[in-house]
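The two complexes that follow have chain A in common; it is paired with chain B in the first and with chain C in the second.
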Partner chain A sequence: MSSMTVSPRAASWLQATPFTLIMTCLVMVPLAIIVSVSFMDFGFAEIIPEFYLGNWTDLLRSSLTFDTYKTVFRQLAIVWTITLLLGFTISYYLIFHVRSNMWRAIFLAACAIPFWTSGPIRMISWVPLLGREGLVNQALMGTGVIDQPISWLLYSEFSVIVVYVNMLTMAMAGPIANSMAKISPSIIQAARDQGASEWQVITEVIIPLIKPGIVVGTIFIITAVMGDGFLVRAMSGNQMNTPAVAIMNEINAFQFPPAAAKSVVLLLVVLGMVGLLLRFVDIRKELAR
Partner chain B sequence: MGTRRSASYYILSAVFAAFLLFLYGPMLCVYLLSFQGPEGGMSFPMRGFSLVWFETLFTAGGRGVGDIHNSFIRSLRLGAIVAVLTMLIGLAVGMSFRRRYPGSNFVFYSAIISMIVPGIFVGFGISLTLNMIGMRPQWWYSGIGAQLTWSLPFAMLIMFIILGRMDKSYEEAATDLGASSFQRFQYVILPLILPGVIGMFMAGFTSSYEEAARAGLNIGTGNTMPMELTGLLGAATTPVMFAVGTLTTLFMFTLVISTLLVSARLAKRRQLRLTAQHA
Partner chain C sequence: MSEQKNKGLSRRGFMKGAAATAGAALGSGVITGFPTYWAQASKDITITHVGSIYTTNPTVAEQANKDLGFTVQMQTLDNTTLINRLLTQAETVDVADFGNTSMGYFKNKGVLMPIPVKEYKYWDQTVPLFTQGTYADGKPYSMQGYAPIKSQFWVDESAQEYSPTPTDWLVGIPVMYNADTLGVRPDLVPHKVTSWKDLLGSDFAGKVALQDGVNVGVPDAAVALEAAGLMTYVDKGNMTREEIDKTIDLLIELKRSGHFRSFWTNFDQSVQLMASGEVVLQSMFAPAVTEVRTRGIECQYLPLEEGSRGWYIFQSAMAHLDAGDKLRRDCVMEYMNWCNSGFNGVYFSRQGFYSSVPDLMKAQLPENDYGYWYEGKAATADIIDPFGKVMEKAGAVRDGGSLWDRMGNVGIWNTLMDEDRYLVRRWQDFMAA
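Let's turn to the complex of A and B:
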């Protein structure tokens, strides 16, 4: 071995090869294939490799496309607002109010443990709470607030939002807490010494410094909500149609080229939003910090 | 700063407690209702306590549980293989990033793209690619490959963070003492980044054990656990799904705790060996 010398650059290339091969062959090439298949014709459960624009004209003419995007953008706006407020509050509490490191670690672990339960089980766990005979309805009827069970608690947009918030708040809180932990306590102390109130410290010191965390958290929320079809289908009781659900339905019906065209649109929308956000933060620099 | 807490501390504590209730409430329902009596349903009240639903799960022909045993074994097998591959490939790519090299940006951003592109597109793309070249999906190549596209970017980020925090002076000291690059890796770098390596293993396992959007179309015949459970959701009418939830959570709990214990022990043993050598 001692006679074998590799230049540092060649060593790096060798080390990165397996990773790069997987990312190229299983991510980049497949994404390119989706784009090319979107321009192909199709028969029953088969792809006909001929240039065909029908998938695109059907897609762009359909008012259904517009409706699915309206639905998903509404959900995204609600989920983003709630997870941002909740995620910020939780991170702020854990980083600036909890003083003992041990308790901070215990609280963070406590937030992670529920995610050890399988995703589909976490979805069905809302039935005993939000269902017609669920605890929420039982409690409301027991206290006389309502005299008939509320039916829109489960299998509705409401339950979709509740479960999104439940599953995604930590995805927003994590990056924000990470940014907050990097703020030097002396900066906060300096602001306090100058007579800043807690609210002023938050708005004028903390928020400007945690922008990278907010951006990363927002990216997680965007890709999760825009790309999800399973949760929406399960929690809306198959009643809501988002772009991802429409794509999944077409894939299940073996209509690959129209599904590919829809995928290209959704991909462009997601990557466009993420690209816009990344202009505000250099993630590679953030990670190394 | 005094020891007196401000009013905001109590308000925020209450918000945090409410959030924990929001996280744990549904889970507690699952754990409790899995012990529902034989007459009970998927909602409260509990009609007695029993192990009937666990029995249903394990008796042959247990209704409403589909092919859950085999799908669990498939998920375990897949998770274990993906975890090992994630650890090895992640370690290698992490080491490559210790120098800037031409193409390093492509490697980095291809991982970021894999992370931010919603899973169904990666899964759909891989299955279209297989379709175009006339191959049938099989768990041992396209299934594992699809899951690696999800676990590897996390492994890369873990390496980024842990190597970024590593004190370079240890390594320089080893070089000054005449250590070869292999010795440097084995005796200096690896012990320092061991928590990250174990972290990559765990990230690889948990991400693939739970993954369905990417692997779903590429696994070939035989569902994995999350796919099987998603399929059973709509038809669920009895608490048997809750029994599945309780058992799989117990499994994950055991796995995570034992990994933590093993890594704590490894760290301690190294510490002891180091002090013994110095004495």
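Let's turn to the complex of A and C:
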């Protein structure tokens, strides 16, 4: 037993130190650098360290910013709606209808099967499915539903959203299932005893209780869609520009200052959205429950 | 082997003697008296070579380590990572490969070592594309885009600016080059493709693709726009702002009408687009065409009226070598000489790339392979790629014919435009449209 004692005040400082150091060195300092680079001029793969506002005036005045955000918000809204519906349904089934824990575990594991292969391979394997000569078109033509292959199944907003939904449904279903699993069966039993229909149980008991799960899932979806450039590029055939894609384009051209300005704006937008969500639900309190 | 090393080093010693650096004194001492010591000491040296998937591979690395008295470590990087690394951490690299589209980044940076012409053994045998700025027959080639001669020589040893005329200092040692054109699915096109303008033809609407980017995709589009009579340029490879605006506006119009099926970023995507029949006509790189064919799908790569889009890859050493250990620098020079001496060139020739020293390839490739790849002759036996797969059956003739039939009509070179900044900005608008 050590005889050394530390005052409670010093102890809390000590406890906070590692995290403070990590936040400062790995988050605040790089962020400060990004912000300052966004105010600099640039040449061929070089940053010119002179004060320059051009990156910001272009960003705040051009239609490019409006267009890219319009695209990403539209995609986000669609993806969020679909993943929420799917995530809720899947979780509801798993938690309230699958009785055996083993089957529940097996079904959950099955949801992860698409993630067993690497991202690029998954991206490429959509072509033989959705392509003009792909399985879906062949099936539709074979059954006589269409007589010309549908080209908008691939390299379109449709394919971008299909793949987002495929990738992100688990991110929504997981937190929702987690929240649902915490609901005591006796509460639902009580509602039933009072004569509530299944629909009433869902809307008046379950949904209010799984709000934290929905919020956590929503945060996952927002950060994934807003931050993705890779998937949208591959699935749109490089024909869509979102804020993240625009940043990637500039980084690939070694034009770091405008990419830095765009990154700062994207970060603020995402932080704002997450902050707003957290105002509605106190995740910390709910998760500790 | 040791005799050869000795010879090489004597020449270097002589060269460096003139420079009268401390390193040279050590070097020449080593050379004249102690070749065994040199071989002993170099054993501990590991040089790092970073390059693309086309220039770095385990087979060549293994052979280099067998042939040379030091260790070569190869790393394959994508182009963005590679250039970033050269510009920000050049000291972690000894040898690097890069092409026309990156040449604009090395001016006034001081990261590349000026390579003395005399230290490269095969300069006299190098094709005049690089040494003189002409085709083999002495005729000048198109100067649109980053033509080889525009970035082959440093003005002087300070290695800051490129000289348009030969000097004693090389920016890089030319490794491979080729002439790209449009890949075609002959079984799916409505008519024979003879001009770049077909890329914009309404009968191909929704079935064409371009490389995604301003260094290859935009020049290809510009060649097509000019061929179709929609644009005229002073230099398609280095457009003015006004030309960029007009080009992008025309491309946006085409994009909105659904003309483009896709824009590809990497090799695999371009192969996939063609092999799946999503696209029947697109800008493409030679090995991708080869890959489609090895899957048993017809794919042509034919010369077009407006000429081809030429490109090259240089191999260069990093500037820190000149200031550092002389022995290490010698190893790097020996390695770069080795890279063009045979094995490596034979390997990539069989993928369809051209070596900058074709005479050396002639001496080392089997007659049938040299005939097929370089001379436009019908194959007398099956053509096997470096991975052992049959690429072409006996009797096949390479699309476009011989080296100079294919390479002798370059319309534009892969590029990095002076107005790159503006072009990238407008390309963003195009993508968003």
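Structural remarks
Criterion: the second predicted complex is superposed on the first by the 256 of 289 C-alpha atoms of A that agree within 3 Å, B and C clash if a C-alpha of one lies under 4 Å from a C-alpha of the other, contacts with A are read in each partner's own complex, and residues count from 1 in each chain.
Please note the rule applied: a contact is a pair of C-beta atoms (placed from the backbone, for glycine too) under 8 Å apart; a residue touches a chain by one contact, two chains touch by 3 or more.
Quick caveat, the model's predicted, so the values are computed rather than measured.
With both structures placed on the common chain, the touch criterion links A:Gln239 to chain C but leaves chain B unconnected.
Applying the stated contact rule after C-alpha superposition, one finds that A:Leu64 touches chain C and leaves chain B untouched. In the superposition on chain A, A:Phe42 contacts chain C only, with no contact to chain B. Once the two complexes are overlaid on the shared chain, A:Ile251 sits against chain B and chain C alike.
In the superposition on chain A, contact of A:Glu133 is made with both chain B and chain C. By the touch criterion defined above, A:Met172 reaches neither chain B nor chain C. After overlaying the two complexes on the shared chain, residue contacts for A:Ile124 are found with chain B and with chain C alike. Set against each other, chain B and chain C differ in how many residues of chain A they touch, and the higher count belongs to B.
In the superposed model, A:Val72 lies in contact with neither chain B nor chain C. Once chain A of one complex is fitted onto chain A of the other, the partner contacts of A:Arg284 are limited to chain B, with no touch recorded for chain C.
In the superposition on chain A, the residues of chain A contacted by chain B and by chain C overlap at 120, 124, 127-128, 131, 133-134, 234, 238, 251.
Put simply, chain B touches chain A in their complex at residues 6, 8-9, 12-13, 15-16, 19-20, 22-27, 29-30, 33, 41-44, 89-90, 92-93, 95-99, 101-104, 106-108, 110-114, 116-122, 124-126, 128-129, 131-132, 145-146, 148-149, 152, 156-157, 160-161, 164, 180, 182, 210, 212-213, 217, 225-226, 229-230, 232-234, 236, 241-242, 244-245, 248-249, 252-253, 256.
Per the touch definition, chain C reaches chain A in the complex via residues 80, 83-84, 87, 104-105, 107, 109, 206, 209, 212-214, 255, 260-265, 268-269, 272, 276-278, 416, 420-421, 424-425, 427-429, 431-433. Of all the residues in chain A, the ones that touch chain B in their complex are 1-2, 8-9, 11-16, 18-20, 22-31, 33-34, 37, 47, 86, 89-90, 92-94, 97, 107, 110-111, 113-114, 116-129, 131, 133-135, 138, 166, 169, 198, 219, 223-224, 226-230, 234, 238, 244, 247-248, 251, 256, 259-260, 263, 266-267, 270-271, 274, 283-284, 287-289. By the touch rule above, chain A contacts chain C in their complex via residues 42, 44-46, 58, 63-64, 67-68, 71, 120, 124, 127-128, 131-134, 151, 154-155, 233-234, 237-241, 245-246, 249-255, 258.
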